[in-house]
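Take a look at the structures listed below.
In the two assemblies presented below, subunit A is common to both, partnered first by subunit B and then by subunit C.
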Partner chain A sequence: MGKYIIQRVLQAVPLVFIITLLVFILMKISGDPLGYLAQDPRVTERDRLVLRAKYGLDDPLAMQFVYWVFGDKGLERQVDIEKDGEIDFTVVGERNGIIRGDFGESIRFRKPVTEVIGQFLPNTLLLGTTAFVVTIILSLVIGVFAALRQYTLTDNIITAGTFITYSMPVFLLALILVQIFSIQFRRWGLPSLPVSGMYDPRGDQSVDELVRHMILPVASLALINIAGWSRYIRSTMLEVINSDYIRTARAKGISERRVIFLHALKNASLPLVTLIGLNLPFILSGAVITETIFSWPGMGYMYINALDQFDASLVVAFVLMIAVAVVVFQLLTDVVYAWLDPRIRYD
Partner chain B sequence: MKRPGFTLLLVCALMLTLVVGGVSAQEATKTVVTGLHMVGGDIPTIDPHAAETSASIEIINQIFIGLTNQDATTANMEMGIAESMDVSEDGKVFTFKLRQDIPWVRYNPETGAVEQVTDEAGNVRYVNAYDSVYGALRGLAPETASPYSYVPLPYIVGAAEFNSGEGSAEDVMFKALDDYTVQITSPDAASFAASIYGLWVLRAVPQWAIEAGGDSWTEVEYINTFGPYALKEWAHDESITLIKNPFWPGTDAIPQAKIDEVVFRFLDPQQQFAEYLAGTMDAIQVPLEEIERVKADATLSQEYIVGNQPCTYYIGFDNTEAPMDNAHLRLALSYAIDRQSLVDNVTRGGQIPAQWFSRPGLASAPTLETHPDLGVKFNLERAQAELAMALEDLGLASVSELPALSLAYNDSSNHGQIMQAIQQMWTENLGITVTLTAMEPSTYFASISEDAPIIYRAGWCQDYSDANNFLYDVLYSKSSQNDAGWNNADYDALVEQARLESDPEIRRDLYAQAEDILVNQGGGIAPIYWYTINFLVKPNVEYPPSVTGNEAYFEWDITG
Partner chain C sequence: MATATQTQTGVINLQEERRQPQSMTRIVVRRFFAHRMAVFGLILLVLIVLYVTVGAAFFSEDYANKTNVRSKFEAPGAEFPFGTDSVGRDVMARTIYGGQISLAIGVVAMSISVTLGTLVGLAAGYFGGLVDAILMRLVEAILTIPLLILLLLLSRALMEISSATTVILGREISVTVVVIVIIIGLTSWMGLSRIVRSMVLSLKEQEFVVAAHSMGAGKARIIFGHILPNCIAPILVSATLEVGVAIVIEAALSFLGFGVMPPTATWGNILNGARQSIDDLWWLWVAPGALIMATVLAINFIGDGLRDAFDPRSIK
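This part shows the complex of A and B:
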């Protein structure tokens, strides 16, 4: 087991390296970060060279990558403006490198990128985790329920319902929910739900308010996932129920409740671990579309705005963070899976 | 064995929703939630010297006041933080006496109240002449690189040299004579210079806060302001909350605020519309596609307001490049656009077909009452006659021999639809086929300034209320904004003369003559429509309609 874990971790290292390299390349091919200064007559050639030296833009590409990852603190770069062999001034590097969490400053927030992420991440985790828990519980309930009543009217209704929500794009579902529960409910004089944000700008920032604001985004996120996941659970559950050992268990006279919940469900939920593990990183990333529609101040919403306004350091940090999270959670999933399922070989 | 039914679970969930949903927040203060002039995402800045977008300027106008101020409902110039203005005989030297009772303030999150700012000795800091001069010089300084510094440059002696890095700050004739007297000298007597001196790019800012906060000085921790409102919270990407400044003395022009808090939400019009219908916003911009629905709705139509916006939508031609250097061809295209049909069928927001460039309502601009027949209107015969002359000039037998023409536009909002309509009118009325080129919105205007496309769309909004801001600042032959390359000696002479003339009626007449040359004889540009704004405002909100495109929230109130 220990050997297996070490092996998987070692496999993940080059993967993270390749991701970092790819992100760096993407950053480089998106253009010269100081290009916009070239047309500004007020920026002198000297200023340009100082900035280029400060960010090491004239270093060899490979070294730029190394400095980006590990930092260039204390590194002295000499600038020769006239190219006459005489050093005009020296610039000292200040970066700590992304490996120490230095992604630079966000141009919009005028704060270090890590601080900005620290501000939005809790909101995303709150929304994402709630939606995730709701999804898991409801898909288990619906999946098992449908499996136990295979081909009955209830099963068919559930099947139809899940197919409808499954095939619906999340933005459409979100807008339909807003139309019904926020706008029409208000029109009909019923208690309505807020359209967007985390709190009512006029009200207090109470937990009540927060819960009210969470209902629609959580519902949009959960409904779509429940549809897919409950189908998945239904089919694995059916497979298990029809297997030999369940028949044996029943034949031994064990109560139906024990058969279903102890024997069948435990085995049927094994594939769920994979599903959960692979989806966990996307709690971090925030649901970009859902957060945007509901103006939920989370990572996804921040990412869209950062893209829109060319906040490159924020975009890079976000992409890298999610990519690494995917690798880490995949690793964890493999490990947990190996631990749960003795049939998986460690070597 | 009994299991709780699935339906029961759903019912429980629904009931929970309703119970929690029934709890609503109590209103303790008068608060208005607005989305006017706001867009989705964040606003770029609230630093008066870095501001460029209408959203930024809107916030700045509530928390920093200029020497002079433009009244939002009349567009007239009035006093801001100055209590009086004295102009010398030759019209070049402006002396402003500042009020002595306007303190710098900040919002204290711990006490939840606005408090006056004190200096090291514990005395209240009042906005004085030195703050004003510091602000003006910061706005003009080359290292600030303010996007609006070009506007006041021609109206302050020494400013252009200082801004280009050649002159020094001492030579800028924007001086403090004593603690509360500011004197500004203009190179020539321009009657509207006083309104330019009130622009955000010259406003007073807190030197001590900027030195303490650096680039973050506009955050709540550092910022000091002095307008009728103070900054309470800036939740980036979400909203800005302004709180009433009880220390604003209340002047004739700018009274104390009546509403305690104004929340500006950064939402796109569609999201604003949903919030408005859900009752969570009080004032919003109506998305274009919802205007028909709003007009037809019994309740919404009562809350619908069409306001003026001092902007002109136009088609620019590259006057320097063949074949658009031919005036007859430009006029043919301009006369072939049915502007009325365009605003009735495409834009449908109550826009006014533009007959000329300087938006009526600006000081000294011609109006439809004074000059009903001025400028250009859809005229098929004239268009075809001009086309025939153009073809003759160019030595072509038919339109099919014209070189391929393309019409460039920034691919946002409804520009695409408008361009398609214009493209179709040119095909149907003249037989000229142009191709449409959609361009990246964020870099569109930069690329037009770099090298204007052969035909392109553009819009211009006032920086200050005067026809000079349109006809001289944009289309004077030597103006840096003259992307079209329009160059006509008679036109230049007229706008130069009007710029220095002091009688408003004579100026209006000079501008009318200049417009006639621009749109009717030379076809330098093709004006399309004059902008309007479509708002929805809740009936309990007392909203003084703005004609300037900026809102004065200190004039708003909530009733009932």
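This part shows the complex of A and C:
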């Protein structure tokens, strides 16, 4: 087992390197990070050159990558404004490199990128984790229920329902929910649900308010995922129910409830571990569409705004953080799976 | 008497049919049309295609893009069956021309991604070794970034927010359409490349490939003449499903304002209008939303039907 873990970690290292390189290339093709300065009349040509030197934008690309990853603290760059061979001034590099968690400063928030992310992350975790838990519970219930009633009317209705929600883009579902539970409910004089932000700007910041604001975004996120997940659980459950050991358990006279919930569900939930493990890191990325529709101040919302304002260092840190989280969770999932399933031997 | 003969002919025909070997294509086509949901999907898709093509005969594209501030936000009625948007454009005319663009984006993006996915899968599987290692690590690396997040970044990087247009097939179309098609195509080939690779790995050890090799067939001939035809089933299935995925992704990007820019309409950017108004303007999103959903549902059904039709285990 220990050997297997070491082996998997070693495999992850080149992957993280390739991801870092990819993100660097994406950053480079996104254009000039100092492009926003061109619109500011107060910025002189000299200021611009100082900044270019500070961030090493005129270094060879390979060196820019190295400095970006490992930092360029203390590195001196000489600037020659008139290109006459005479050095006008020297700029000293200040970056620690992303390997030490230095992603630079957000140009919009005027503070370190890691701090900005720390500010939005809790909101996303709250929304994402709630939706995730709701998804798991409901898809387990629906999936097992449909599997036990295979090919009956109930199963067919569930199948049709999941197929329709599965084909529905999340923005459409969110718009439908808003139309029904906010706009129509208000018109009918029923208690309508809020559709924007985490709290009412005029109201208090109570838990009650927060829950009311969470209902619609959580519902849109969960409903979309339940469609796919419950299908998956239904098929793994069917596979297990039709296997020999379940027949044996039934033949021994064990109650049906015990057979289903103890014997069958235990084995059917193994693939669920993979599903959960591989999807957990995507909670971090936030739900870009859902958060935008409901103005939920989370990571996805932050990302869209950062893109809108060309906040390059924030965008890059966000993308890299998610990619690395995905790699880490893939690794953890594999290890947990190996530990849970005695049939898997890795040595 | 007549009945007896018919029954007898029927029996003979049946036996003959059993004796006669059927071509793969015929078996697949027969099984596909026996799949009820697949046929339903096909009919639905044909209806949608008819809507966006025949519908175009009733409205001109200039009319679909024409703004008229005096008739903005009109609810559906006799003059505008689907209402009008924030600048007074006819939503029905826009869903027709937007549908053409959305469907075209789906098909072209699919062609790019299927070509790439197939080529990468063939190369990785056939050559193995370092080529395989590099290509598959690249696939893994791209898959670690959520698709929408990657596409939003690429869209922002490559697209100047401009109203530049270009002429394609005699129609004036926003250049953003081209950018979107290319980036969707370039970011959605990884799944297929893995499937093709694993098929090639098993195919290249089989006798017919070894035989072709020993008879002096070149690499290109073995790959494209012997291995590729045997991978056609998963390629066709994922090509079908990819059209739906590309349509939804385009819609999501346009909905967020990172996709196709007006005046060119797509189902996605018609929906974008609905995002900006919290008021009760349901007609701005119901029609394009329903069209996107119906198209994706139809494509998913067809893809499912194709998968079952190609599956050798489900021979009936």
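Keep in mind that, in the parts below, the second predicted complex is superposed on the first by the 322 of 347 C-alpha atoms of A that agree within 3 Å, B and C clash if a C-alpha of one lies under 4 Å from a C-alpha of the other, contacts with A are read in each partner's own complex, and residues count from 1 in each chain.
Quick note on the criterion: a residue touches a chain if its C-beta (ideal position, glycine included) is under 8 Å from a C-beta of that chain, and two chains touch if they have at least 3 such contacts.
Just so you know, these numbers come straight off a predicted model, no measurement behind them.
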| item | value |
| --- | --- |
| Joint occupancy of subunit A by subunit B and subunit C, clash or fit | clash |
| First (subunit B), second (subunit C), both or neither touched by A:Tyr166 | second |
| Subunit B versus subunit C as contact partner of A:Gly253, first or second or both or neither | neither |
| Subunit B versus subunit C as contact partner of A:Val195, first or second or both or neither | both |
| Which of subunit B and subunit C A:Gly2 touches, first, second, both or neither | neither |
| First, second, both or neither for A:Gly85, with subunit B first and subunit C second | neither |
| Partner chain(s) touched by A:Ile183 [first = subunit B, second = subunit C, both, neither] | both |
| Partner chain(s) touched by A:Ile29 [first = subunit B, second = subunit C, both, neither] | second |
| Touching partner for A:Val141 - first (subunit B), second (subunit C), both, neither | first |
| Superposition clash, subunit C against subunit B - the stretch among 24-32, 132-140 or 276-284 that is involved | 276-284 |
| Interface residues of subunit A shared between complexes with subunit B and subunit C | 183, 195-196, 293, 310 |
| In the complex with subunit A, residue positions of subunit B that touch it | 1, 6, 9, 17-18, 20-27, 31, 33, 40-42, 44, 142-143, 145, 164-165, 215-216, 219, 235-239, 241, 263, 265, 267, 271, 274-275, 277-280, 442, 450 |
| Residues of subunit A that touch subunit B when the two form their complex | 39-42, 108-111, 141-142, 145, 154, 178, 181-183, 186, 190-197, 200-204, 206, 208-209, 211-212, 215, 256-257, 293, 295, 297, 301-302, 305, 308-310 |
| Touching residues on subunit A, where the partner in the complex is subunit C | 14-15, 18-19, 22-23, 26, 29-31, 163-164, 166-172, 175-176, 179, 183, 187, 195-196, 282, 285, 288-289, 292-293, 303-304, 307, 310, 315, 318-319, 322-324, 326-327 |
| Subunit A partner contacts - residues on subunit C that touch it in the complex | 137-138, 140-142, 144-146, 148-150, 152-154, 156-158, 244, 248, 251-252, 255-256, 258, 271, 274-275, 278, 280, 282, 285, 289, 292-293, 296-297, 300 |
